[in-house]
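Going in written order, the chains are labelled A, B and C, and every chain counts its residues from 1.
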Amino acid sequence: MNFIEARKLIHEYIRRDEEENVESILTALDGVDLDVKQGEFVAVLGHNGSGKSTLAKHLNLLLHPSGGTLWVDGKNTQEADSLWDIRQNVGMVFQNPDNQIIASVVEEDVAFGPENIGIPTSEIWGRVERSLKSVGMIQYRQHSPNKLSGGQKQRVAIAGVMAMEPKCIVLDEPTAMLDPNGRKEVLDAVVRLNQEKGVTVILITHYMEEVIRADKVYVMDHGKVVMQGVPRAIFSQVDALKSYRLDVPQITLLAHELHEAGLPIPDGILTRQELVEALCQLY
Amino acid sequence: MLRDITIGQYYPADSVIHKLDPRTKLTATLIYVVSLFVFRGMAGFVAVTLGLLIIIRVSKVPFFYMIKGLKAIMIIVVITVIFNLFLTPGEAIVTFWKLKITWEGLKNAGFLTVRLIYLILGSSVLTLTTTPNQLTDGLEKALKPLNKLHVPVHEISMMMSIALRFIPILVEETDKIMKAQLARGADFESGNLVKKAKSMVPLLVPLFISAFRRANDLAMAMEARCYHGGEGRTKMKPLKYKKRDGVTYVVIAAYFAVVVSLRLVL
Amino acid sequence: MSIILDKVSYVYSEKTAYEIQALKNISLKIQDGEFIGIIGHTGSGKSTLIQHLNGLMRASSGGIYYNGQDIYDEDYNRKELRGKVGLVFQYPEHQLFETTIFADVCFGPKNQGFSRKESELKAFSALRSVGLPEDYWYRSPFELSGGQKRRVAIAGVLAMDPEVLVLDEPTAGLDPKGRNEILDQVARLQRERNITIILVSHSMEDVANYVDRLIVMNQGSILFDGTPKEVFAHYQELEAVGLAAPQVTYLMHDLSQYGIPVCGMATTMEEAKQLILQAFAKK
């Protein structure tokens, strides 16, 4: 069985007026199927309001589905007693770095998760050290989070999740509030965790550049999965992506435009190097 | 503006007092405060002064740094002195118009000033040598017996430490909101009290909305990291008494005994 | 009409241990009707710089002249200056406070001392200019999406009839489509209202597509100042300070190295496409 399996997942936000009458229903997830294997790097793309954040919050049971089924790590999320088990195994990193750091010292924040699940003191120290090292923040262990840059804060947040030794981390637009350098720092840390520690990664984002390194990409629109496949296959469908309010990396777009203009360039060019090679072969 | 308040901000230094268990420091501070209200006469005054000077010296916090914190309470001290000076009945030394300064009033005012200033200095040693987190940890553990009375000790201390983390963030945010509204021609300074209060609306609404949003996000982030109250929680830095804490308890008890006996004897 | 900065320096926390020189001897002339981009890292001084332009921050040394008048002159009306140089900060959440969007946009002109009627007329025209559909106007600003909030925030400043509009990271956190919509709208404003636009950004691609003049800030100084082409020609120096030219600029360079004769350099995708097609046509 896959690490995460969702079948026809539905989530409705129901707004009620003062007399508890249903005022409006917003279907944020509309029959989503999702399969994530252990150790995979999966990206979920979508514009703001496409339902991708709602999906992320289901994966560690911050939200419960209105319909459909979701298995995480072989457990049905409908069963109440699997809640803490799943939360421990599926860590979650949110968009705003400031609003997820609890303690006033970096190492104490990283210890927050292990403290909650009752890890003995001596082991907490080891975990804090290992997870701060894994995101390259060990030299800041004594610092106040307020003095760190956005990228550094977000890496502390990732370390805080890693200290719980989860099998999977879900990152809900972790780079949306960061500058380009911060974005790169965070993404590199995530890719490293995936490749070196074998952590399953689910990255929710609207930056196309960030999903190039993923094993599999899901594209969401209006609560539905509208495209899925390897990055190259996704990026070869430039017009479809545009219709879902997304855009493709500048190089891919250029390759697509050149193709439209009559140059026989292959579909799904992702990097500058690939485009240079393709053009050299044609010339 | 708000950033200039320095009373009791942690001053990092390598001193014995910095290393003490926060519970020890809390107890010692409490005893010191009580001693300020117990002491009487010149001998007692010498004892509490000596006590304070020794603590400040040992804490390695520069003296001028501590004095800076006093500025904020100076106005209270002045008002108290004036009240005591003029309103204590007794034998008049100087009289002008209907006001008279009495010998008793002078004495009262003097001792009260000492008490107030020593109180602030003494308790600021606690906050200057203890990080807010240690302080809440210490409070949580010291107040643990209250749990039996269904006082949510863990929750209170968690709220305190979160508040401490978010105060600087909200201060900075206030600054940003103020600038954004100033750029739209807002005026926070001129006008009478009513107009001024009204002009705060464009500042307070965004600030509250943001604070609620942050609280909401934070609650979700804590839940995602398996937070479920104080039950079954372990600590990365559990509080443990060391030898120096024992010594401190003995010293502070001896100090208190001296102050009390000076009062009884003299 | 112009803004002139003459050797402007700004020091944070002067004469303390935390002293930071945020601006170092900045001299700059901004002409009427220009479309300027300012790029740089977080902490490069770009935010400090723009807050000097409307007098929110006061230079530690140096002078600023608006239309030839010294804004630090004692009898200069600095409050009026804030209406002439409109500054829109990064987070619209920091300024929206009224119960309806329309009332919120009226806030600026009311502060300038216009009557209710005049304020409403100005708000009306500002909301039109940012392209927010009329059926939104009487809703709460807090119900809007990120991109719409951004528009309302811009309208709130635009209603003060500024001669210069400064936008700090207007696209941060928006999805690709929302990003392009806002930038297109800003470009339209510049044409239709004929106002000077200063756009602060850390996205090279965004800036290259829109602005006529680019100012690169680094560590409190101006590193480059020129047309995007002139600035991006220094892509190696940009890289040395951790900034990068658009991908297509590198591509052109790579192609000529591999012997494909593309003449000239490109900073936008459209230019790159034309140059490549020309090179292939000549073959």
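Throughout what follows, contacts are C-beta pairs under 8 Å (C-beta built on N, C-alpha and C of every residue); 3 or more make two chains touch, one makes a residue touch a chain.
Owing to the predicted nature of the structure, the values given are computational and were not obtained by experimental measurement.
Enquirer: Starting at chain A, find the fewest moves between touching chains needed to arrive at chain C.
Expert: Between chain A and chain C, the shortest chain-hopping route counts 1.
Enquirer: With contacts defined as at the top, give the pair, B-C or A-B, that has more of them.
Expert: A-B
Enquirer: Taking each chain's centre as its mean C-alpha position, how far apart are chain A and chain C in Å?
Expert: Measuring from centre to centre gives 31 Å for this pair.
Enquirer: Let me have the rounded angstrom distance from the C-alpha centre of chain A over to the C-alpha centre of chain B, please.
Expert: Once rounded, the distance between the two centres reads 43 Å.
Enquirer: Please give the residue numbers of chain A that touch chain C in the complex, ascending.
Expert: Spelled out, the residues of chain A in touch with chain C are 47-49, 149-150, 176-177, 179-182, 206, 208, 245-247, 249-251, 253-254, 257-258, 261, 263, 272, 275-276, 279-280, 282-283.
Enquirer: Okay, in this complex, where on chain B does chain C touch?
Expert: 173, 176-177, 179-187, 201-202, 205-206, 209-210
Enquirer: In the complex of these two chains, what residues of chain B are touching chain A?
Expert: It is residues 131-133, 161-162, 164-165, 168-169, 213-214, 217-218, 220-228, 232-238 of chain B that touch chain A.
Enquirer: Can you list the residues on chain A that touch chain B in the complex?
Expert: Within the complex, chain A touches chain B at residues 57, 60, 62, 84, 87-88, 91-92, 94, 96, 98-105, 107-108, 111-121, 124-125, 128, 145-146, 160-161, 164.
Enquirer: State the interface residues of chain C toward chain A in the complex, per the touch definition above.
Expert: 41-42, 145-147, 172-178, 180, 202-203, 205, 242, 244, 246-248, 250-251, 254-255, 258-260, 269, 272-273, 276-277, 279-280, 283
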